[in-house]
Amino acid sequence: MIQTDKKIGWDRNEMAQKVALDIPNGSYVNLGIGIPELVADFVPKGRELIYQTENGLLGMGKVPENEMADRELVNAGKKYVTAIPGAAYFHHADSFAMIRGGHIDVCVLGAMQVSEQGDLANWSTGAKDAIPAVGGAMDLVAGVNRIFVITQHLTKHGDPKIIEKCSYPLTGKQVVESIYTNLAVIDVKEEGLFVREMAPNVDFNYLQKRTGAKLNQYAQRQV
Amino acid sequence: MINKIVKSAAEAVNGIHDGATVMIGGFGEAGSPIELIHALIDYGAKDLTVVSNNTGSGHVGLAALIENKQVAKTICSFPRTANSKVFPELYHAGEIELELVPQGTLAERIRAGGAGIPAFYTPASLNTPLAEGKESRVIKNQEYVLEYAIKADFALVKAETGDRYGNLLYHATARNFGPIMCTASKVAIVQVKKIVEPGQIDPETVVTPGIFVQKVIEINNPVDESQLVEEEMSYP
Amino acid sequence: MIQTDKKIGWDRNEMAQKVALDIPNGSYVNLGIGIPELVADFVPKGRELIYQTENGLLGMGKVPENEMADRELVNAGKKYVTAIPGAAYFHHADSFAMIRGGHIDVCVLGAMQVSEQGDLANWSTGAKDAIPAVGGAMDLVAGVNRIFVITQHLTKHGDPKIIEKCSYPLTGKQVVESIYTNLAVIDVKEEGLFVREMAPNVDFNYLQKRTGAKLNQYAQRQV
Amino acid sequence: MINKIVKSAAEAVNGIHDGATVMIGGFGEAGSPIELIHALIDYGAKDLTVVSNNTGSGHVGLAALIENKQVAKTICSFPRTANSKVFPELYHAGEIELELVPQGTLAERIRAGGAGIPAFYTPASLNTPLAEGKESRVIKNQEYVLEYAIKADFALVKAETGDRYGNLLYHATARNFGPIMCTASKVAIVQVKKIVEPGQIDPETVVTPGIFVQKVIEINNPVDESQLVEEEMSYP
C-alpha cells in the first residue's frame, strides 16, 4: 500500500496537548492569545491548573455561552471569558506584580522567532511601517518561571522560525525553556537545542532541514 | 460635608486644560469611561497626552478623542487592536506621538506615580529595543532597567459603585487600570453606575479609597462601546 | 488687683484647637500619637475631616466604648478605635503609597526638636543606650503636604525645643510648616521663624527668651 | 485538586529551617499570627532573620520567639512598644541584631520583593541617620534614597477567612503587613479563623489571591494576645 497522503506532524490540538502534559498539577498558568489558548482544553484528568489573565483575573474559566457574556469580563485577548469559583479580580499593578514577581509557574506563548539560546521575538517584525504593540509579553517573559513556546515550525512563507539569532526585535533574551511545534518538541539547553520528541513521520534530518539552527539529540532518550 | 458628586459629565470634565496629561482607564472596552471621554470631546481640550493601555476602537470613545485631533501623544502598551482604525492612520501621518511601554511597566510606572516612588528597576524589556537609551543596573547578578513614574493632571475612570467620599468598587476585569490611575492623577474623575450612601460599601471591600478620587458622576446606563463599534457609530 | 496666678499660655486642648482651626474643610489628616490626637475633638462645626491611620484605615472614628473594642481595629498608637461609615481598610504598602504619594493633606506630629529651617527631630535622642524606633514618622514628613507640629514650648527640663539646629537625629529636613506650642503659633518660612499668634500673657520677649532660634514678627499682622 | 489546607499548626511550620528569613505579620497584636509563632517555637528553628513591624509584647508570640533565642536579626520599624521587655534586654546584651527601617519603606521593600522590583527610590529617611551609607539620587530636582527589595523564605500571617486555593480575607487593621508578606515569601503560611469553600469569597473582594499562599490552617479561636500579655503569661 502506497501512502502518498500520510500525515506529517501534529495539528494544533495535538501541539496543545503536548504542552498540557508538561504542566504540573497545581500550576498557575498564563496562556497567550491564539494556539496557546487551546492548552486549557487538554489538561489531563486529575490535574487542576489555575489560569491567570494579565488584565486582572486569577481563576479564568471557560468561554461563556454567548448570551451570558459579560462585556466587562474579558481575557488579555479581549475575548469574553468567565471566572471559576475561587477566582479573584485585581488591578493591573497587582496583576503584573504577580507576573514580574515570579508567582506564575508557566506561560505559554506564540512566537515569530526563537533563537537557539532561547531568545524570543513575538511582538514586532521591526518593519518601519508597522505600528509597534507589545502588550504584556515582555513582562511575562521576564517574570514567569517557565516559558513554553507553541508555534508552527515554519512561517507561512516556509521559513524556519527556530534560528541561530532572531532578526526581529526581541521580546526577551534567553527566556524560552521548550518549543512545541507541529513537527517536534525541542528543549532549549545551555548547550543548544535538543529534540525531545518528533511528530509522526518526522525524522531528525527532516526536522533539521526545516530548522535554522543546529539541533541536538539527547544522548539517551528521555522517558 | 465632603461631597465629590457632580451632576453631569460636562461638569466632571470641566477644567481639563489644553496640554494636560490625562490617564484614561480601560482595557479595550472593559472599563473604558466612554461618557467621560465623549464629554471631553465636547469640552474640546487639545494637545493632550493620553496615558491608556490602548488607543480605542472604531470611531467612538478614546478613538473618537484621537480622531478629533485632541491628542498629541499617547503612552500605551498596545496601540493597535482588531478594531482600531483611527490611531494607525494618524500615526502613519506623523500626527500623533507614541511612547510604547510594556504593559506591566506601564502599570508599575502609574502605581509609582501614585505612591511617591519616582523611579524603580524592572527586568521587563531588558535586551529589547524598548530598553534602548535607558539606564540599566546589575542588582544581585541580574540586570534591570530603570523606569520612571508617570503622573497625570487628570484621570478618567469607570467604576461600578461610588459614594460621596469617592470610595469605589469595580466590576470584574473593568477594574484594570482604574485604581492606579486614580492614585496617580491630581484630579481623578470617575463615572459609576451607581452612587450609594457612605457605609453601604463595606470598608473591607473598598478597592479605591475615596482619598484618591476628586469627582464622581453617576451614569446609570453607560452605552455599550462594543455595540457602537459594531454599528460603526461615530462621535460626535 | 495683683494677678500673681495669672495663667500663662495655652493648655493642651487650646493648642489642639488652634491646630484644628487651621485644617481646611475636607482635608485628609494623619494625627500623630499623643497631643496630636486631641485635634480631632476640636474640628469646627461645618467642617468634615477624614482621618487616616497609617496601619491601614482611612476614615478613623472615635474611641470605642470599652466593651465594644475590636482587638484588631487599632490606630498607629495601637489604641482601639472605630471606623466611620464610608471608611476603607487597606494593607501597609497601599497605606504608605497614600502617605508617600502626597495624598494626605495634613499631618500633625509631636516633636522633640524643631529647627528654624523646619527640620524635625521626633524619633530618637540618639543616646547610645536607647533602642531606636522610627515607625512611620520619616515617611509621613517626606510625603504629607503640610506638617504641623504640636508640642510644649520647652522640654521637661526647661530647654527650648525650637532651636537653630537640631542636636537629635532628624526625622526630616525642612519639613515643618507651622509649630503650635503652649506659648505661640509659629510659622516656618524661608526667611526664618515668624510668630503668628501668642498665647495669653505671653509677649514677644518672653517667647524669644524661651526659644533657641531667632523669632520674627510679621510686618503686618495676618488676619 | 489544589488543596493548601493543612491540619495543624505544627504541620504548617514544618520545614522552616535554621537560618531562614521569616516575615511575621501584625501591627502590634492586630494580625499577629500567635498560634503559628508558638508552633515555630515548638519546632525550634534557630538563627532566624525576622521581618516584622514590631518585636512583640510580654512573653508570648513574637516576644517569646525572640526570648527563646531563635532570632538572630530583626528587620523592623518600631522595636520598642509599651509592653516590649524581651527585645530591649537582648539588644542591649548584643545578642540580637536590628535593622531599623522606616515603616513605609519597610512596607514598600516587602511589596517590591513580592512584585519583582529589585530596588526603588523613596524620599523617606533622606538627610537622616537611616539614610547614611545609602545611595541617593536626584530625580526632577528632588533627592531620593535607593532602597532594595526584601524577600523571605517563609511568612507567618493571620487572616480572617480562607479557602483551599489560599484566597484570603482579613479583618479591619489586622490586614496590615499580611497581604504584602504573602507576596514576598516563598512559602506563605496563613492562619485563618474560618475556611470556606471556593466561591464563597466574592472574587471582587479577595484581598490576597491564592497564588501568593502556600499553606492555610484553620484556627477557630485564636488566643487573645493582649489578654495573655496582661496576665503576664509566657510561652512555652
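Lettered A, B, C and D in written order, each chain numbered from 1.
Convention: a residue touches a chain if its C-beta (ideal position, glycine included) is under 8 Å from a C-beta of that chain, and two chains touch if they have at least 3 such contacts.
Predicted model only: the values in this text are computed from it and were never measured.
A.B. asks: If you tally contacting C-beta pairs, which pair wins, A-B or B-C?
C.D. replies: A-B
A.B. asks: Let me have the rounded angstrom distance from the C-alpha centre of subunit C over to the C-alpha centre of subunit D, please.
C.D. replies: 30
A.B. asks: Could you give the separation in Å between the centres of subunit B and subunit C, each centre being the mean of its C-alpha atoms?
C.D. replies: Centre-to-centre distance between subunit B and subunit C: 37 Å.
A.B. asks: Calculate how many whole Å lie between the centre of subunit A and the centre of subunit C, each centre taken as the average of the chain's C-alpha atoms.
C.D. replies: It comes to 57 Å between the two C-alpha centres.
A.B. asks: What are the residues of subunit D that contact at least two other chains?
C.D. replies: Only 108, 111, 115-117, 122-123, 170-172, 204, 207 qualify.
A.B. asks: Among the residues of subunit A, pick out those that touch two or more other chains and give their numbers.
C.D. replies: Answer for subunit A, listing residues that touch two or more other chains: 57, 83, 89-90, 96-97, 99-100, 142-143.
A.B. asks: Considering every pair of chains, which are in touch?
C.D. replies: Every touching chain pair, ordered by label, is A-B, A-D, B-C, B-D, C-D.
A.B. asks: Under the stated contact criterion, what part of subunit B meets subunit D in this complex?
C.D. replies: For this pair, the touching residues of subunit B are 108, 112, 115-123, 137, 139-140, 142, 144, 148, 169-172, 202, 204-205, 207.
A.B. asks: Using the touch rule from the top, collect the residues of subunit C that touch subunit D in their complex.
C.D. replies: Subunit C reaches subunit D through residues 53-57, 70-74, 78, 83, 89-93, 95-97, 99-100, 124, 126, 129, 131-139, 142-143, 169-173.
A.B. asks: In the complex, go through subunit D and note every residue touching subunit C.
C.D. replies: Interface residues on subunit D, with respect to subunit C: 27-31, 53, 77-82, 87-88, 91-92, 98, 100-108, 110-111, 122-130, 170-180, 207, 224, 226.
A.B. asks: Going by the contact rule set out above, which residues of subunit A touch subunit D in the complex?
C.D. replies: Per the stated touch rule, the residues are 25-26, 28, 48, 50, 52, 57-59, 83-90, 96-104, 142-143.
A.B. asks: State the interface residues of subunit D toward subunit A in the complex, per the touch definition above.
C.D. replies: The touching residues are 1-2, 111, 113-117, 163-165, 167, 183, 197-199, 201, 203-204, 206, 209-212.
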